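Just below sit the structures, each encoded as structure tokens.
Heads up, the next two complexes both have chain A, just with different partners, chain B and then chain C.
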Partner chain A sequence: MMVLVTYDVSTESEGGKRRLRKVAKECVNYGQRVQNSVFECLLDPAQFAKLKHSLCGIIDEEKDSLRFYYLGKNWKNRVEHFGAKEGYDPEGILIT
Partner chain B sequence: MRKLLNTLYVTTPESYLLKDGENVVVRVDGEDRFRIPVHNLEGIVCFGYMGASPQLMRLCTDNNVGLSFLSPSGRFQARVSGKVKGNVHLRRTQYRIADDIGDSLNIAKCFMKGKVVNCRTVLGRGVRDHGDVIDCDKVRYADSLIIGNLLKVDDCINPDALRGIEGNCAKFYFSALDELILKQKDDFFISERNRRPPLDNMNALLSFLYTLLAHDVESALESVGLDPYVGFFHTDRPGRASLALDMMEELRPFLADRLALSMVNLRQISGNDFLKKENGGVIMTDDGKKEVLGAWQKRKQDKIVHPYLKEKISVGLVPYVQAMLMARFLRGDIDGYPPFFMN
Partner chain C sequence: MMVLVTYDVSTESEGGKRRLRKVAKECVNYGQRVQNSVFECLLDPAQFAKLKHSLCGIIDEEKDSLRFYYLGKNWKNRVEHFGAKEGYDPEGILIT
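Up next, the complex of A and B:
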């Protein structure tokens, strides 16, 4: 299934900056960065559970927020893109 | 059923593959061109002379991602494989059967029947769909010769007899296949199968597709714990994945030949996508290869109902299902190996 992960991490303190870097790094491991704090992740349920667990462990629930949007299997119909930085389709043809 | 994941094809010759976290990164001239999490991939196929970092190789072996290196023309060169996995009892059974001429001949017959029947289906479909434009009598004549050989498969008492039948069938089949090329007749024709190097466009296209298929079959066999190098029909030779070649026999007509025909007939590929070299060999251009890779990847995502399992699967999983059935047969869970008969 496709999951959209978005986050807002408060960077007012040094600790916040560290959390931001950690969250971003973890998201990169699981999906494609489509915008600065927006990731598209094609995952199976187990992988998603892992990602959710590790992200929830990193953020500070007082200051930061984290949102998961479940786009399911037919996610291609639910995503439209305009402008620069077009992403790739992880289920499509991958040739570089 | 397992999910079919994607395959990454790297065709830019100066690229370098490396690991970053859990990502596979393609770097060209110090710049990251592409990155994808490794768990979205089933395999990575590299064409040309690119490098890969040892850490990336480790990442691939840990995640069961097949990493293969092919020459620019698509000839297999190397693959990275991790620890030997799977069940040692299964592999021992495989070796015992491979050592027994009678047992391995029986399995080889299954492969051969699968191949011949599937070849006939390709021809039959051509007659049915395009009977008005092709020389049906020629195709039907070839088909009748193939049936004659098919009936003799069961009576074979040694592998050489079976090889003879295979050779005959292939000859009739490829001569009839030419009739099924409906468009671009000047650029695409096939009178016989030739390779190393392929001498005409159609042979070059087929060779390229067979290499892609071999990569998939080999990975499939490995993922169920069989040894792709010990075959029942093809004899052992260092560096030759004999069992993968055995299993390819029955899958070629459905997975590769038909794709080649439709690419030509739908003009997805043209004579400009091929280059003739001084020695007479024909190679595909980079654009041509990309076109074929795209069509191949797309074809693999089509859904079919597997004739034996009666389960809906992606075409790309057919090699995996056949490998699984082979493992079940060797374990004694089923009485015979059911070849893949397409409909």
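Up next, the complex of A and C:
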């Protein structure tokens, strides 16, 4: 199933910056970065359970926000993109 | 219909910062901010056409990225949230 992962990690502290890097790194292992804090991940239920468990363990529940959107089977019909290329390098440079 | 709006606006220049503010301001008019660059907007087709037209007119198509996800009628079953409160003030302070 296609799962959209979006997050806001508070980067006011060094700890926050570390969490942000960890969350991004974990998402990269599971899916495609489409925006800075948005990943599209094609996962089976076991993979999704692992990813969820892992991300929930990284974030600070009082400061950070993590959301999952289940796009289902017809996910391609549910997405529309405008502007710069979809491919996104974790280092912040757009892939052309 | 419920439409998820996500965006990345390049803020390297003053123009970019201005675009970011404009995009956020426009989204606030149409929906609920759930993360810094993620809005959930409950729209009829006419409203959605207006929002799309407006946002596409604001972004720089070469630098910024804008994505719409159509979550359909059962959108509540498609969303899962973890961590800090969902409500999000445009000024960046979490609403409690």
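To be clear about the criterion, the second predicted complex is superposed on the first by the 86 of 96 C-alpha atoms of A that agree within 3 Å, B and C clash if a C-alpha of one lies under 4 Å from a C-alpha of the other, contacts with A are read in each partner's own complex, and residues count from 1 in each chain.
Criterion: a residue touches a chain if its C-beta (ideal position, glycine included) is under 8 Å from a C-beta of that chain, and two chains touch if they have at least 3 such contacts.
Treat the numbers as computed from the prediction; the structure is a model and nothing was measured.
**Q** Now for A:65: first (chain B), second (chain C), both, or neither, which partner does it touch?
**A** second
**Q** Classify the contacts of A:4 with the two partner chains as first (chain B alone), second (chain C alone), both, or neither.
**A** Once the two structures are laid over each other on A, A:4 reaches chain C alone.
**Q** Using the superposition on chain A described above, determine whether A:28 touches chain B (first), chain C (second), both, or neither.
**A** A:28 sits against chain B, while chain C stays out of touch.
**Q** In this superposition, which partner touches a larger number of chain A residues, chain B or chain C?
**A** C
**Q** For A:84, decide between first (touching chain B), second (touching chain C), both and neither.
**A** second
**Q** I'd like to know which partner A:12 touches here: chain B for first, chain C for second, both or neither.
**A** Neither: A:12 stays clear of chain B and chain C.
**Q** Based on the A-chain superposition described above, do chain B and chain C contact any of the same residues on chain A, and if so which?
**A** After superposing on chain A, chain A residues 88 contact both chain B and chain C.
**Q** Within the complex, which stretch of chain C touches chain A?
**A** Counting only chain C, the residues touching chain A are 4, 6-8, 10, 34-38, 55-56, 59-72, 77-86, 88.
**Q** Per the contact definition, I'd like the list of chain A residues that touch chain B in the complex.
**A** 25, 28-32, 41-44, 47, 88, 90-96
**Q** Which positions of chain B touch chain A when the two form their complex?
**A** Per the touch definition, chain B meets chain A at residues 3, 6-12, 15, 20-23, 26, 33-37, 39-40, 290, 293-294, 297-298, 301.
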